[in-house]
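Chain naming follows the written order as A, B and C, and within any one chain the residues start at number 1.
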Amino acid sequence: MNGIVVVGLFDAVDPAAAAARALRALPLPEGDVTTLSPMPLPDGAVCTDPRGIGFPRVTLVGWFVGALAGLSLALGTYLLYPLITGGKAIISVPPTLIITYEVAMLGALAGTVIAGFREMGLCRFRTRLIHDPRIQEGKILLCARVSGDEEAKRAMEAMKSAGGIDVRPEEGEL
Amino acid sequence: MEIKWAMAIDLDRCTGCGACVVACVAENNIPVVGEAEVEKGRLMQWIRVARYWEGEHPEAQAVYLPVPCMQCERAPCETVCPVYATYHNEDGLNAMVYNRCVGTRYCGNNCPYSVRVFNWFDHKWEKPLDEQLSPDLTTRSRGVMEKCTFCIQRIRRAKETAAAEGREIRDGEAVPACVQTCPPGALLFGNVADPHSEIARKLKDPRRFRLMEHLGTEPRVVYLKRLKGAGR
Amino acid sequence: MNGSDHLSRTDPGALYRELSRSNLPVTKKWWLGMGLLAILALWGIGCFVYMMKTGMGVTGLNRPVMWGSFITSFVFWIGLSHSGTLISAILRLTNATWRAPILRGAEALTAFTLMVGGLFPLIHIGRNWRFYYMIPYPNSRQLWPNLRSPLMWDAVAINTYLLGSLTFLYFGMIPDLAIARDHATGWRKKFYTVLALGFRGSHNEWRRYHVASTIFAILIIPVAVSVHSIVGWDFAMAKVPGWHSTIFAPYFVTGAIFSGIAAVVIVMATLRKVFRLERVLTVVQFENLGKLLCMMSLLWGYFYFSDFLTVWYNRNPEEWEVFRSYAGDFLPLFLVMILCNFVVSFPLLCMRRVRRSIPALSFVSLLVVIGMYAERFLIVVPSLARRNDPFIWHDYFPSWVEFSIMAGALALFLLLYTIFTKLFPIMAISDIQEHLFHTSDRKIGGVTVESIAMPHDTGKGGHG
């Protein structure tokens, strides 16, 4: 069941910021007010993002998982199946370090991709997402997630009085 | 008894005749690549007789150095092969697995003695020359490295015979083609781990040296220095 | 115009049209160009198949020079791939404000040069159809690759770097694909919709996007350094005189960055000309690239001199014979290298006039690219041609098959790059828009200067 989101187009940052202030005074929680913009706006210019960013931890986890995989490849397989060449030891430390390091970086990369994409909310193809292609003309779409018609009406009024164009309720997710 | 194959090359006796090279080519199914290819540097000889000149004309003297595969204890070719196509076997030989070779040629680059040769083309033996091929070993396809194996097929044959007769292999039973053929008897082959073998005795000679020893490859081929003096 | 209030200093629609000229529908000239490149690439592929069926003997390789133009090309192309990484990653991390217009082109350069470079290990092996022996896959014959071989380190490292670069390229493109999606119609709209993964530019998305971009940039730099160090170690691990040098790892990385920046200059100058991007790819970008190129030329010269000095001073016979050949049989190539990389390039690059002139800088970059190919060749071949045993010394010259494959590889790269520019946004539109948004004019006394805002993410931001 998709939620109701009130959206409004704004021409410039200042009116959008004023509208956002009014919305937060309604009151609406900070996490429910956000913008869609063609380029990133500084945090706090119009709205803020109270949720912490957690996926860098997965990068670290990915690094260690990759390191373990690399170690198993370079060290583990040789311990299991030893083969003598050139008078050198079965377990060679420098090549093991090299392979471990490379696969560790691959693991960190994979971790960042997977966790980062998830936390950004990409690849949600089956959800109906709020979007307006007119932001590419340089406009900001201010979005407010509301619960109920009463709140929706007050949000629409706040946006209209701050100078919003085409203020309307939409069904979808932020 | 432990087996450690080694070869002794007495440079006092070597005349540079090249019979060892011919014997090796005949024994090991080595193709004859032709003059054009030799010009391009694709000569396929598992043992080569390198010739160096000492002194200036007209006193210049030729020095001959037969160079087979050194079968190094710490072979630089073994560690760099990405697919383990070359390894060290229990007899202390550097063994080559033709089927595994993918032809990166890193081993050929890493051999300081440049004893490894590469099959640049497929080779055909036109009839009736194909009847001279030894059935004890393969002919190699294009893209595969090959090198002197101390005639491992002869070693294996001697070991099998000895095992069938229920005894140890005796000194002089396993003889590579080059050693067998050398007219002045400059080449000697045997098991240095056997204290009674001829080679163990020969290697007590104070003239002994190994090629490019400073590289740390620990070769199994020992040379005996040519002594100069009256009549030489 | 009040820059701090409006979202962009120019009309965004016009900006998009200007930056996305490469994505316009194909013309006859485009098909002609692609056709020529395709023919050249197919010729190269055909020569490769011929070589595979006949044997490596159709090349100029021999004993002892068992590695020649293919390995040279391999090192060269992998070296070129260090362009994008260094530009995007390092410039991103150091917050260089001039980087936005060259980001995408450089990242694409990295990805495609890596792909082409990664072909050469498959091309140069004797039994190419058995290449999978180098992959560690479970099999019933208890066979496993030898991970102590530097060639296997190559395989792992280049794999990691390729995946990393492609991720970097794709991830950097997501906001631009979203912009393209919003502007496109027809099959392109569907294409971009799928690729943009639903990116809409919400505040949450942007914040996390920045963090992820930074993390990728931090991750890709050590990978890039390690990759070319490992390529250098292919040589340094060998018992070949002239190869067995401890300086090879940093020397190769430096050479890679050097040739990479030169490649970026050439590619950017070409894009600027072809797609009329003069307003975006300005003299600022090229001058800064020129400064980087100047520094790298000096650094390369320093490393080369260091390598030469130790050998020259010691006169170790094995190594000295290799270096002596630079004054003998390899003199022409040596002169090309030293002139193109340092003697001609460095003084030119020191001149502000050269750095600020795009044709002059492109010419110097072309010299550098040629000089670096000569340098790679001089690393690989003389050491093998004049190695330990003088009896088997032999010269090497590439055959027509090798030249064809080299040309085919270049054609393949150009083909891939051209298709990329046609299908994908070649300019980092969102980065450029972001830069323009932060830039405003500020009046200080009697002059008006450009002022760039530098917002930083506080985590829990205050209210506007």
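Rule of thumb we're sticking to: contacts are C-beta pairs under 8 Å (C-beta built on N, C-alpha and C of every residue); 3 or more make two chains touch, one makes a residue touch a chain.
Nothing here was measured: the structure is a model prediction, and the numbers come from that model.
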{"item": "Chain closest to the middle [Cα centroid of all protein chains]", "value": "C"}
{"item": "Which of B-C and A-C has more C-beta contact pairs", "value": "A-C"}
{"item": "Taking each chain's C-alpha mean as its centre, the one farthest from subunit B", "value": "A"}
{"item": "Computed distance of Cα centres, subunit B from subunit A, in Å", "value": "65"}
{"item": "Rounded Å distance, subunit A centre to subunit C centre (Cα mean)", "value": "29"}
{"item": "Centre distance in Å when subunit B and subunit C are each reduced to the mean of their C-alpha atoms", "value": "45"}
{"item": "Sequence positions of subunit C contacting 2 or more other chains", "value": "144, 146, 148, 152"}
{"item": "Of all residues in subunit A, the ones touching two or more other chains", "value": "83, 85, 88"}
{"item": "Junction residues of subunit B - those touching two or more other chains", "value": "76, 79, 81, 84"}
{"item": "Interface residues, subunit B side, partner subunit C - complex", "value": "37, 40-43, 48, 50-52, 65, 67, 76, 79-84, 100-106, 108-114, 116-122, 141-145, 212, 215, 217"}
{"item": "Sites on subunit C touched by subunit B in the complex", "value": "54-57, 60-67, 121, 124-128, 130-131, 133-134, 143-146, 148-152, 155, 234, 237-240, 384, 387-392, 394"}
{"item": "Residues on subunit C engaged by subunit A in the complex (per definition of touch)", "value": "4-8, 11-13, 16, 136, 142, 144, 146-148, 152-153, 156-157, 159-160, 163-164, 167, 171, 174, 179, 182-183, 197-212, 215-216, 219, 222-223, 226, 230, 430, 433-434, 437, 453, 455, 457-464"}
{"item": "Of subunit A, residues touching subunit C in the complex", "value": "11-14, 17, 20-21, 24, 34-53, 55-56, 59, 73-74, 77-78, 81, 83, 85, 88, 92, 95-96, 98-99, 101-103, 105-106, 108-109, 112-113, 116-117, 119-125, 129-131, 133, 135-140, 143, 174"}
